[in-house]
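The same subunit A turns up in both complexes below, where it pairs with subunit B and then with subunit C.
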Partner chain A sequence: MRSALAIRNLYLNVAGKAVLHGLSLAVPAGEIHVLMGRNGSGKSSFVHALVGQIPVAAGEVSLDGVSLLGLPPEIIAQKGLFLAFQTPVALPGVTITQLLRSALQARQEKGKLFDHMQFHDDLEAAMEFMGMDASWASRHVNDGFSGGERKRCEMLQALILKPKYVLLDEIDSGLDVDATRIMVNAIRLLHRRGTGMLIVTHHSRWLEVLAPNGVHLLSDGVIHRSGGMELARAIEAEGFQAAQ
Partner chain B sequence: MEYKKLSTMLPADGILNVPGGFWFIDDLPAEASYELRLDAHVRCKFILHLGLQGHRIRRRVIFSICGENAKLDAHVLIQGAKNQCIEWVGIQRHLIGNAESNLFIKSTAENAVEISIISKIILDANATKSCAYFQNKNLILSNRAHVTARPELEIFANDVHCSHGAAIGGIDPMEEFYLRSRGISQRAVKALLQRAFAEEILCQMPNDMPCNQAR
Partner chain C sequence: MSENSSMEEEFATSGNFSYAMDYAHDAGRGLREETVRYISKVKGEPRWLLNFRLRALKIFEAAPIPPWIPVDLTPLQFDQIRYYLAKDQEPKRRWEDVPDEIKATFDRLGVPENERKFLAGVEAQFDSEMAYANLRQSLTERGVIFVNSTEGLLQHESVFRPHFGKVVPAADNKFSALNGAVFSGGSFIYIPKGTKLDQPLQAYFRINAEQFGQFERTLIIVDEDAEVTYLEGCTAPRFESSALHAAVVELVVMPRAKVQYITVQNWSSNVYNLVTKRGIARESAEIRWIDCNIGSRLTMKYPCVVLAGTHARGEMVSISVAHHGQYQDTGAKMIHRASHTSSHVMAKSISIQAGVAAYRGITRAAKSAKNCKNYTRCDALMIHPESVSKTHPTLDVQGALSQVQHEATVSRVSDEQIRYLRQRGLGESQAMGLLVNGFLNELLREFPMEYGVELKRLIEMEMEQR
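Moving on to the complex of A and B:
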């Protein structure tokens, strides 16, 4: 069986309302897939359900053949699934270094010593790649950050934690041109490392350079249509109604 | 600013006329009661950590502002563990005007801890143009822990700036989920957020204070 983040026949209810009605989707290892859909179509609820924040009503979610349903969020993360939040919370009092060190230590094999020097070298390199000053390491997570800075902080975490699959929930929203370029480069780096990605976005232009393996349109609680970049272009040019 | 330990300065009657320009660290044992008097133009900072002194801890502190242009900044961190019982009774009393006092208390309560915080601002009739502030934030980390906060004001003067407030809450579920989604266990997340909550005051404490050894 090919390694993948696989979602089969997923049903999801949020606040008593049915949001997904049997959604199926697969993101094979190392591939980039894109999820598009109207505001309120359930894209964010979907990715939040995958990481265990919203309970699933029915269906199956597996990562490389291992079911994720019912697992606590920290175990899902340790198995290799990472969500870059659309609106990450601020954590006053918790520095970026503390967060990442705690997250890496949680993944540490029992009995193995944590390599602090390696961690600091990796963090420094990743911050430089993300265009972050070294002082960011001691800043409190997302506290007083602009929207764009929060997105970069999310991607920094993905680069350090090296998950197998990354869910990017509107990681491009609110970014200036330079920040968008940095984000694209970070996605390319993850791709080169073999990370599978599901990108939730409303915009197709920045996807041209990423050349995604698949584009999927979420509508009425299911994947209504799948295709390549031509689908993203059609949505951008003609809107969701025409693309359906 | 240099800091001075109260244990080395407090007279037998428990009333200290504080010299300005220092941090005063309360390093007294579990049960203690004292008055700190600030004369004109005295500016000082007061730091207190409660939690490591024993099972039952009690503090009764009066900050008396006795002279014009005096300024007090007092920061109190209460960290209760196991089944400790911790009580703070504080009074910010302004006997004269044109002076300022700020008292900021944070507490965290784990397990079956009981914390009681009673803090009163008293502005005497002569204390016009005084500024007196009290702020209290409390984090409850267990269903069995209990925190009582009672901020009080007694104002007998006109033309003053005064505020007081207290808040009690638990860990923000959004913050908890965010950290858990990074692979950190629920237990470690709790410890991380507890530390983060206290950090605002901990970071002002000298490194050689016992509560700060792990920083």
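Moving on to the complex of A and C:
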């Protein structure tokens, strides 16, 4: 059996309000899946719950058959779930290089030497791919970044940390045409590497080039409907009500 | 284990180890006139120096403990402290001649290794006296003097006596008076005209004995157009009872000369560290204090630059880390006595749990001093809700056309930042360490590379223990 991110019968409460009521979803390894839904339907809460940042009330989340529930967020991250935040926080004084080096060192086996040369080569190549010049390496993470720069920085981190799954929380919002193209190329590169992805978005147009394996509509705390790109097109053309 | 990681581990143990010692000279507990006479006699000092000590003792006894000291000093028990303990009077010039227990201590602190790697000269003080001192032969031949305070006053009286006790007089404050009465050890340095040392001189100060007071006195004279960097490191083991460190440092920096004085203070958490440091900068001279305070129960230290010559420049780079139970009361004094002088203060402090970090500073420009410039910036980072940060700036500008700026920021590590870093795979304490190092990065770069790397690692380890 191929590895998979599997969510079964998930219940989630946020600030005393029930957000998810038994949501189930599977994202097989290497596939791209899309999650759509109205504002406030719980998409962001859902992906934050997957990475252990919001406690779940009931249900199961597993990666490669191993339960992730109750694990500290850093362990879930080290096991291979990466969340590209919708609004990533600034870390004044902490450079992109320092963040990525620390994150890689945290994943490294004890007693193994960190390969600094390889790290710098990988970082340089990933920055070039993301259209970032060399000065980015010493920029402080998200400090004074524009919205588009923050999102590029998130994808850069995903490229370097090489997780099994990337959860993209509205990574396309507020991007201009060129930035969207860079983002699409990064997603394609991750896909070629065999990274599984769950993309939370409101827009279907940029998904056409990604050819996702599945599109899912979150409504009333469950996956109300699943399909292919035709579902995404229907949502964009007719709205959520009609798509249901 | 690599050599480097071994060194880092030793550094990170905060020097918390000690050896049983057989002291040849012990002034006993408590401070009386006999104590002072004993120290002076053991050292074979001239009459004028004994008189200096006795006068200082009277000032100490008459002076009240300053009411603004933020921590109760009762645990210090002045009458129980041992004011002078020494195994030998003369420092050894060869490492192999140093007594085994002392050698083992400084070996563990990396002294001989650092000397080989990047130092022009080293002194290592063990309790009251220097146990080891060495200066490269080439520098001795160029007229550089690097000796301990006793040797300085006995063998180079004409060089040091005119400046001794002039920059920081015994009457300056209660603890400088105490130092004047019982001082022992510390470095006396003279850098001749035009001599620029491209490698630093270093002193290590080590408290080994329990309920002990260390009172070293350092005097550095940098002659015209000369330059020197001096590093000092301090460690002590953790005992049940408290210890006292009351040092005095005097810098005399002649026209166009430069001195950089770097301190890494990592005393154990029951040491009261009450230090007076001051330098006089003559015309176009430059004094830079670079100070990192991580250890001690209480540190009160406000390095001062008296800008006495036109176009003189003073700088202070200060890092303070206050853990639970610690009070770091640090800062800087910039006294502009001459026109066209400038000063710059960069201070960053971190308070962890209920630790208290305070910036206390004075910028003063005399009426006769025109066109002086000062820029002071204090940034404080509070890690926990119960952490405390305080700022006590004093600006006193009498002269015309002077510009004085004081900026201060206080920030907290946010839950959102920690959550973000945990999502990247860092544990909570690693995340905290990264954010703290990020906060300090700009100032850590001011330390020599060897120290900067060790400091970063030390701070990370301190955060990981929380």
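As a working rule, the second predicted complex is superposed on the first by the 242 of 244 C-alpha atoms of A that agree within 3 Å, B and C clash if a C-alpha of one lies under 4 Å from a C-alpha of the other, contacts with A are read in each partner's own complex, and residues count from 1 in each chain.
Methods note: a contact is a pair of C-beta atoms (placed from the backbone, for glycine too) under 8 Å apart; a residue touches a chain by one contact, two chains touch by 3 or more.
Keep in mind the model is a prediction, meaning the values are calculated, not measured.
Peer 1: Quick check on the subunit A-based superposition: subunit B and subunit C, clash or fit?
Peer 2: Pair status: clash.
Peer 1: Taking the superposition on A as described, I'd like to know which of subunit B and subunit C A:134 touches: first, second, both or neither.
Peer 2: neither
Peer 1: Of the two partner chains, subunit B (first) and subunit C (second), which one does A:94 touch, if any: first, second, both, or neither?
Peer 2: In the superposition, A:94 contacts both subunit B and subunit C.
Peer 1: Based on the superposed arrangement, let me know which partner A:66 touches: subunit B (first), subunit C (second), both, or neither?
Peer 2: neither
Peer 1: Under the stated touch criterion, which partner chain does A:78 make contact with: subunit B (first), subunit C (second), both, or neither?
Peer 2: both
Peer 1: Contacts for A:106 in the overlay, against subunit B (first) and subunit C (second): which applies, first, second, both or neither?
Peer 2: both
Peer 1: When the complexes are fitted on the C-alpha atoms of A, one of 167-175, 185-193 or 203-211 in subunit C overlaps subunit B. Which is it?
Peer 2: The overlap with subunit B comes from subunit C residues 167-175.
Peer 1: For subunit A, which residues belong to both interfaces, subunit B and subunit C?
Peer 2: Residues 51, 53, 72-74, 77-78, 82-83, 85, 88-89, 91-94, 98-99, 102-103, 106-107, 140, 157, 161 of subunit A touch both subunit B and subunit C.
Peer 1: Which of the residues in subunit A end up touching subunit C in this complex?
Peer 2: 51, 53, 72-74, 77-78, 82-83, 85, 88-89, 91-95, 98-99, 102-103, 106-107, 140, 157, 161
Peer 1: Of all residues in subunit B, which touch subunit A in the complex?
Peer 2: 172, 174-175, 177-186, 188, 192-193, 195-200
Peer 1: State the interface residues of subunit A toward subunit B in the complex, per the touch definition above.
Peer 2: 51-53, 72-74, 76-78, 82-83, 85, 88-89, 91-94, 98-99, 102-103, 106-107, 140, 157, 161
Peer 1: State the interface residues of subunit C toward subunit A in the complex, per the touch definition above.
Peer 2: 414, 416-417, 419-428, 430, 434-435, 437-442
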